[in-house]
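Labels A, B, C, D, E, F, G and H are assigned to the chains in the order they are written; within every chain, residues are numbered from 1.
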Amino acid sequence: MSFTVYLSGEIHTDWRDQIIQGAAARGLAVRFTSAVTDHDASDAAGDGLGAESVPFWRDHKSAKVNAIRTKTLIEQADLVVVRFGDKYKQWNAAFDAGFCAALNKPYITLHAEDIVHPLKEVDAAALAWAQTTEQVVEILAYVLRD
Amino acid sequence: MSFTVYLSGEIHTDWRDQIIQGAAARGLAVRFTSAVTDHDASDAAGDGLGAESVPFWRDHKSAKVNAIRTKTLIEQADLVVVRFGDKYKQWNAAFDAGFCAALNKPYITLHAEDIVHPLKEVDAAALAWAQTTEQVVEILAYVLRD
Amino acid sequence: MSFTVYLSGEIHTDWRDQIIQGAAARGLAVRFTSAVTDHDASDAAGDGLGAESVPFWRDHKSAKVNAIRTKTLIEQADLVVVRFGDKYKQWNAAFDAGFCAALNKPYITLHAEDIVHPLKEVDAAALAWAQTTEQVVEILAYVLRD
Amino acid sequence: MSFTVYLSGEIHTDWRDQIIQGAAARGLAVRFTSAVTDHDASDAAGDGLGAESVPFWRDHKSAKVNAIRTKTLIEQADLVVVRFGDKYKQWNAAFDAGFCAALNKPYITLHAEDIVHPLKEVDAAALAWAQTTEQVVEILAYVLRD
Amino acid sequence: MSFTVYLSGEIHTDWRDQIIQGAAARGLAVRFTSAVTDHDASDAAGDGLGAESVPFWRDHKSAKVNAIRTKTLIEQADLVVVRFGDKYKQWNAAFDAGFCAALNKPYITLHAEDIVHPLKEVDAAALAWAQTTEQVVEILAYVLRD
Amino acid sequence: MSFTVYLSGEIHTDWRDQIIQGAAARGLAVRFTSAVTDHDASDAAGDGLGAESVPFWRDHKSAKVNAIRTKTLIEQADLVVVRFGDKYKQWNAAFDAGFCAALNKPYITLHAEDIVHPLKEVDAAALAWAQTTEQVVEILAYVLRD
Amino acid sequence: MSFTVYLSGEIHTDWRDQIIQGAAARGLAVRFTSAVTDHDASDAAGDGLGAESVPFWRDHKSAKVNAIRTKTLIEQADLVVVRFGDKYKQWNAAFDAGFCAALNKPYITLHAEDIVHPLKEVDAAALAWAQTTEQVVEILAYVLRD
Amino acid sequence: MSFTVYLSGEIHTDWRDQIIQGAAARGLAVRFTSAVTDHDASDAAGDGLGAESVPFWRDHKSAKVNAIRTKTLIEQADLVVVRFGDKYKQWNAAFDAGFCAALNKPYITLHAEDIVHPLKEVDAAALAWAQTTEQVVEILAYVLRD
């Protein structure tokens, strides 16, 4: 049994690698996908379409170019993992969770206990809340059992 | 012509009232809906179903009871206005925006310019970004012209 | 604010009346719907289409005639309450819950604590688990607040 | 011609093996999937996410982790076989049937004659009612004819 | 409780009137809809758009103009009754039934016993097979019980 | 019987008025809707959200504000009439037609014979091609017959 | 480029083979699927589930077992060819056409000119009407061009 | 990572080849699809189904045969590129864009700056506006990064 898992959210820590390596170490048949996680490249995704002097429009163009990738990958995923770290606003992660909820697509959250309260709506529609990447790998190992 | 508009997000300022009164002042045929905006009541929405000693589960129950209302109202709305203020995480607002995006339901954002960058994914799928409640009323007035 | 609530499940106790009267007592704007709850009439729903000597087909015809009503009412409902009592198999109640889950339609369950374990899949996709009809009315009152 | 068949329901008898071996014996190109059928593992599916003192929440977490697998596999299946045995409540089986009905996904039931009456709603939306695993294999062989 | 019922099929007998009058006699809250049942007008529905010398195109234009009405009314209906008489090909009736089946919209058939075999696929996806208009009214009366 | 009809396309001639008056003259129960047809107001629809120095972004904002209205009205319509005149590019009209086609929503086109060839894909998915507003009224009168 | 084409309708002539061989002769990358076309086997499809004394139920069971195959194959097809011959009622063919129409799935019809009138609703929603199997192969060859 | 990209619109310049070769030069895993771009063959797509004396019907038949291919390929695509050149009406390109918008399928436009204003509705629902084929290739290279 195999699964495609989209990894959404925080791009400043190595949580994706931990999950990918953990799954590999257990021989799980998972294809992982995600947004482009190179922050500078992501912010500049739309620059090739012409320079913008207004920051809003530069962001707008880049966010839409990124959406070409993320929207498609989320729709193709069997499961989405949404990670919230301790920095930044991370509204895009919550946005992805809402997107999944409306599509009735399974997602799980990965975040520390101290942000349980502000994430309650996001967690309410999730199929699991994990606090560590090991737990995510554990869930994948269980879900993909023969 | 009439519209149903769901007001999502920030509950600590009077932006909802400003929009509702602004629309009333112009005689617009808009029915406004929203989540229960009494913060304490909202946090306690699930308490009647039995006390919980673990905070996560208390939040979980309340968030789900709130979802009975919000999910239905969002689906019934013709337009959703998603407000981001300058306090708190407001992940539920971004979650609602993602929910709308997946349903192909029109939404507009309402937030100050200094958070344009972290909201770029949310704004990218929106049909408008307003900075003031007057602008939101202006859009409604335009959209509902005879 | 008003809601349409479909009451699914057990037909041998007066739980529906308790909820309907509780909602009326609080002046809630709820329209309640349900299957035909007269057990004998329900079992005989298809008899008018011709007698059947094989029990399976008599049941089959009646179940389908009942589905004309129940399927439509469930799809029209804003919320479904699924009741499990302490008698009978009540597979139709679990069937309705699964139907709601696939449609992404909010439902809550109403059952005693001693059947929590066998109902775990049904509760997992529900937005609330109530143990008493008072709790259901309480949720409705909260959800329908102005 | 090939098919993916999800086997839902009873986990205490060897009906899945009978169907799988019957299909293999006839050389049918069927990929069978199902929930994790190890009862203890299934009940403990969420334990890795942290211990729970309240039984409801332990069940809740496990049921949701199981749903990551079952929901996806049901949606990927061409046909679902829903088995009802003579023990336990088996509401999850009826829930799966309702889920299929709402998705307009073909399913067949497998159960003894003595529970025809309580299963009438579940059977009414099914494309076949089989009493033996041999009959299920027979249907598969017919459906997959070149 | 009220229902919208679309009456599809045969236009050469008075079965529609029988059902409409039968429902009226019992005081049922049913709104009946149907295609334009004036045969000549229906065949000429597209003539106003310009004359056609090739019969296929005249039929084509009229059938499409008729579809503006029928498609919308079928989608708005809670229940569709599909009537097959003993004359003509009546492929449009079977087409409507297939349309309903794909939409998961409840429909019942109304036809004599001697055409059970050629209608088996159409009946298989129906929620009831009636042989008389009285039976249809009977079903409506049952389904619409308070 | 009543219908909601959305009038899409050309805004420089009085074709909308002709249809509306023609329908009124015949007493048809049609509610007509359309985009804001005041050209200058439409181009300036987004100006209230802040001035733009780059023409693309001014257009972008206005087009999105207009979409709040048009998308919703098209989805609410029972029928869409798409008008192509002899001036301008009118890509928005073709865009609306494609939008309807994907939603399986009935639409008819209204245009002169000399642009039949470039409109062949648009006409191919339409339920009728009318050349005059009288013909559109004629179709409406037919479709709405009692 | 490759396509999956479902061949629906008449089972008493060799039109399927003509199309399959015609496509093979031209080296087209088409996978053809269809219902079980052995008439006796098809009528007996449900017999293995237990004998029925009432003809309606025997037909009912067989039609449903056949639907397990046909529904799935139609949904998987890129194109459906619906054939109407000069014998029998062939309501199942019209039913399949209606099913495709509601799913917005492309289908073409294959029938002689003398039944153009009774098939006008079926042809109105089709993307082509062919009179010979050669024409169908021709369309496939065109559609699958590199 | 791989993508399927449908190239819609203008058929009189070599923009498709430029994109295909540009993607190949960068080793991108993209499968490109498109309508039949041989203009004469496209106009004659329906001729094999019988000659037509009325130009409208010749166009109609051909456009529908072409739709068998284009509709399916658009639905299978992960991304659609819609090209508007400086000649002809190109309503089919705008139609494809509207089709994508309703399906919530990502598309980008490719056109010169001088037609920004008439394309504002089409651009408003697009995820990017490119002015050169190099920019399109650049976007693809970014979107498909490992």
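Just so we're on the same page, a contact is a pair of C-beta atoms (placed from the backbone, for glycine too) under 8 Å apart; a residue touches a chain by one contact, two chains touch by 3 or more.
If you're wondering where the values come from, they're calculated on a predicted model, not measured in any experiment.
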{"item": "Touching subunit D and also subunit E, the following chains", "value": "C, G"}
{"item": "Steps needed, at fewest, to go from subunit C to subunit F via touching chains", "value": "2"}
{"item": "Same-interface partner of E-F, chosen from the options A-D, C-D or F-H, over half of the pairs matching", "value": "A-D"}
{"item": "Proportion of interface numbers common to subunit E and subunit F (over half same, under half different)", "value": "different"}
{"item": "Pair joined by the larger number of C-beta contacts - A-D, F-H", "value": "F-H"}
{"item": "Distance between the centres, which are taken as Cα means, of subunit E and subunit A, whole angstrom", "value": "49"}
{"item": "Averaged-CA centre spacing for the pair subunit F and subunit B, given as whole angstrom", "value": "31"}
{"item": "Euclidean distance of C-alpha centroids - subunit D vs subunit H, Å", "value": "43"}
{"item": "Distance between chain centroids, defined by C-alpha means - subunit C, subunit G (Å)", "value": "40"}
{"item": "Two or more partner chains touched - positions in subunit H", "value": "64, 67, 102, 129"}
{"item": "Complex interface listing, subunit C residues touching subunit D", "value": "55-56, 59-60, 62-64, 66-67, 84, 88-103, 113, 115-125, 129"}
{"item": "Touching residues (chain side subunit B, partner subunit C) in the complex", "value": "33, 36, 41, 45-46, 48-50, 61, 64-65, 67-69, 71-72"}
{"item": "List of subunit D residues in touch with subunit G within their complex", "value": "1, 3, 78-79, 106, 108, 127-131, 135, 138-139, 142-145"}
